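The data blocks that follow each hold one structure.
Each of the next two complexes has chain A plus one more chain, namely chain B in the first and chain C in the second.
After this line comes the complex of A and B, so read on.
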């Protein structure tokens, strides 16, 4: 295991410490060391915006803490939900008296812990609304969309929710904007190589050399098919087809595109994928308004990439243009 | 080779095409498809700022094109210098009538081609000044600093040079500021795993599992020693020691820190390294003003990280604070 780590059981601890040191102008730790808080939070009279999730997806989730973005983030162990207590503490840290929206991904542990945290917050007198991301098209059929997992579309959801809250909107308005953002997102992942949880010490699943896993999840969840590794052009074409067939957008729709590496994919390969992604999306009569490309939502050292397409409307365009300040260029 | 590529001989072509599509709001291609130009360049009455280098280091070099940053970038084949013609075309694309500064790394091919391009530009009546980055402390002893290679310190050099040019400074003032920036930078790389040139198809050097290469170069150039893989804490301590022993900075000096992944290192491991890097630098009585952390200067899919420390003064602090717009958060 060729990794920069100390005690494998302390990876999250060490990650968060080093992160907060690097970005102390933007974030701080709450009393609970599993909660990262934006320096200016809570902002009186603003809806608080919270997320949380397992570690190992950096810069998600903590890297999106900041101004006009997330006010507080609950940090879980590697690939595991934060505790209900951490979600609760994040909600309290973000609360500026106008309610808190929790924007998180559809995983059993997170669902359970956010639900418990919401009840605890109610006892504090904090009103909480939630939006559950389910943009991963390969994790369940369209007829069971509520079963789908949340993946990189969460970043668009946070950006939209964070921006809406920054405009002074109400809790219901922020919730509705974030819900719309994720409703209009579809994502797919393709894996070329597995990742390793340091405490385990060997890959937690296999991808045979010469093959790829189409539809892989953010923790190596099996996709819809394993097939021989194709060219970047063919892979990109398949990704666009799967995402847009599910999306069913009318011609002329404006979209935002996010191409993210999964941790160990060189950036130039994302550009190579994007060359075809852009052509394929345009060939379907959609208009790409903006493309975000880089390591936005990773899975430790997984080799692979994800594509997210969000269908825009005027409100979403305005919110995407709101200036943010977090640790990533948005 | 588990990679997202098409024809291995077309990697650079495909990379640049996909990059320009993603960032067409910031960059465009020159007539020469091996030259990326900032959309607003050339700016009349502003010193042009140019760099260039081999591909495979994305987001370097092309990703740093933009406002108050690089005006034009010459693109080489993978790990190879751009041609003299491409450097020349980049100089012409950046020329706003006030001269052009070329800020590049100390490699034989780049030195030769920039020199030829400078002569060609002189015939066009364009005055060119150059700064050669040599921040890699392990590539030659301090007594032969002129032999040292340029690595991630180039990013600070570009930021300072680009910002100085944006203030309306003269060619000599921009050159002097960029020269000061790189003179005050020291960098080191540590490699845990090799990278593969797609056209070759197998790693171009070996790092035995369980070992690491201390002082590795950006193309896998051998470092100063191969040793058993240590903990992140020990690695970070060694990196800081090597960089700061060479630097010899007085107590109280303010510094900027850049921790970059080499392409296949998960971001959380850079945070883990930074936890110790920050403590060690502070323990030596230096003051960290800011930390940049992420995949800023990579080497295809190399597993490893670099540390750069730049000693600041008032001018450099002011220039680091100039707002830029390129594809990376600076």
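After this line comes the complex of A and C, so read on.
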């Protein structure tokens, strides 16, 4: 595949530079060039909201920096956790004196680096709470939910956590709201084509023509099942089934739906999937309150899509309605 | 009693960096089979940065290990940054201020590195990680010294056990990290972390052995 890059080893630096130039009304760089900070942060008396993760998932993670969203984001190498130092610097940049919540995904590197950053922040006298996203249904069975990785449900978690913090809530209240959001999210990814790290130069795994990987991860981790490629209708039906069978929601539950492309799937195909996703969810007696559809959380140039369903309650509905200003419209 | 000199052995870290950089493509290739293929890239970046900082400095082994550990921990991230970062900074702390490193000190250094890794990671032996190289290596070194073998023989035992441990990951199912999502599909492939750990331990042991043979 042909790409717009300069130096394969400088992809992250160049991405962040261009991002900050485009959105200087919303974000700025911290002293550490691997930390993106909302312009207004830190806000005195507000709980700081932080995330971080590997690059290559744009607009995640940096694109969700902004007002009533994330105060600071630690930026890692492509598909690789940010350093403990970057998480620590992000926590410091977000600290308005009321504590900082770190809302991140369940990956070995992120777990270790956040743990170390939390210890460093404690030495600065900053109280840190964490929520670890684990919404990806196919990454482990329901009995081992703590092993599941975090995927696009993180966006709902950030939105809810960021909105809750904006109401002036306490650190524990913000943590609890974000935890509830992710507890009520289930996601699935389907991959039709692999992605390539520019510095590696070739795809990390193959998806044979005519097949698809069900349960694919956000880093090109192969899926749990390889199947012949089906029609969009059949794929969407399968995605809804896997997500909702795991969810087990009572009829009448209101839900928010997020359909995200993985980087190289055109938007029109997401709409084609959503045509069936909407019908299938409604057919199960659930009420779709809102649908977000677009490239919200990508994996470089992977071909494919993810579906996330979040079960709502009054608090989550109120928080989803809080006006947000970040580089992605919410 | 065999010892080697801390002050004049900093070059061991430079040659370790050379080996890692040489193996950049190989480590990424095996990582790519069950991981995301960036292990060699990130390791070479970190070890290369540390080597740049150390070149021409004539640093001691403890200072060199500290520089390497700090670079990995603060600049590299991922899983390997904190894991190897902790290991090398623990190595450095154990031998800091020790002029002549004997087998007992070297053994304490290995254990401190291992404990550091275990304090931040959750892996066990058999999970298809770098611990499958490190733990048998450390145990073999312990056993050899307990059996009254010389320091240099114990270093040979360390390398042999570490490499056997690395090879054992071929037949292991990954239990932790990105490859664990693959279940049985992770069989038949070496673990990239176990492979880089074997390179590191071999270079460390061979460097120490050479320093034992040629005391300065």
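In this text, the second predicted complex is superposed on the first by the 329 of 330 C-alpha atoms of A that agree within 3 Å, B and C clash if a C-alpha of one lies under 4 Å from a C-alpha of the other, contacts with A are read in each partner's own complex, and residues count from 1 in each chain.
As a convention for this text, a residue touches a chain if its C-beta (ideal position, glycine included) is under 8 Å from a C-beta of that chain, and two chains touch if they have at least 3 such contacts.
Every value quoted in this text rests on a predicted model; they were computed, and no experiment measured them.
Student: Now for A:66: first (chain B), second (chain C), both, or neither, which partner does it touch?
Tutor: After superposing on A, A:66 lies clear of both chain B and chain C.
Student: Touch check for A:194: first (chain B), second (chain C), both, or neither?
Tutor: The answer is neither, since A:194 touches no partner chain.
Student: Which holds for A:4: it touches chain B only (first), chain C only (second), both, or neither?
Tutor: In the superposed model, A:4 contacts chain B only, not chain C.
Student: Between chain B (first) and chain C (second), which, if any, makes contact with A:53: first, second, both or neither?
Tutor: Neither partner.
Student: By the touch definition at the top of the document, which applies to A:161: first (chain B), second (chain C), both, or neither?
Tutor: In the superposition, A:161 touches no partner, neither chain B nor chain C.
Student: Among the partners chain B and chain C, which is in contact with a greater number of residues of chain A?
Tutor: On the superposition, B touches more of the residues of chain A.
Student: Chain A touches which residues of chain B in the complex?
Tutor: Residues 2-6, 11, 14-19, 21-23, 25, 55-56, 58-59, 63, 192-193, 207, 209, 212, 229, 231-233, 235, 259, 263-278, 290-291, 293-295, 298, 300-301, 303, 305, 327-329.
Student: Write out the stretch or stretches of chain C touching chain A in their complex.
Tutor: Residues of chain C touching chain A: 28, 32-33, 35-38, 41-42, 45, 73-83, 120-121, 176-178, 180-183, 185.
Student: State the interface residues of chain A toward chain C in the complex, per the touch definition above.
Tutor: Listed in rising order, the residues are 9, 54, 76-86, 107-109, 112-113, 115-116, 139, 147, 149, 197, 199-200, 204-205, 217, 219-222, 224.
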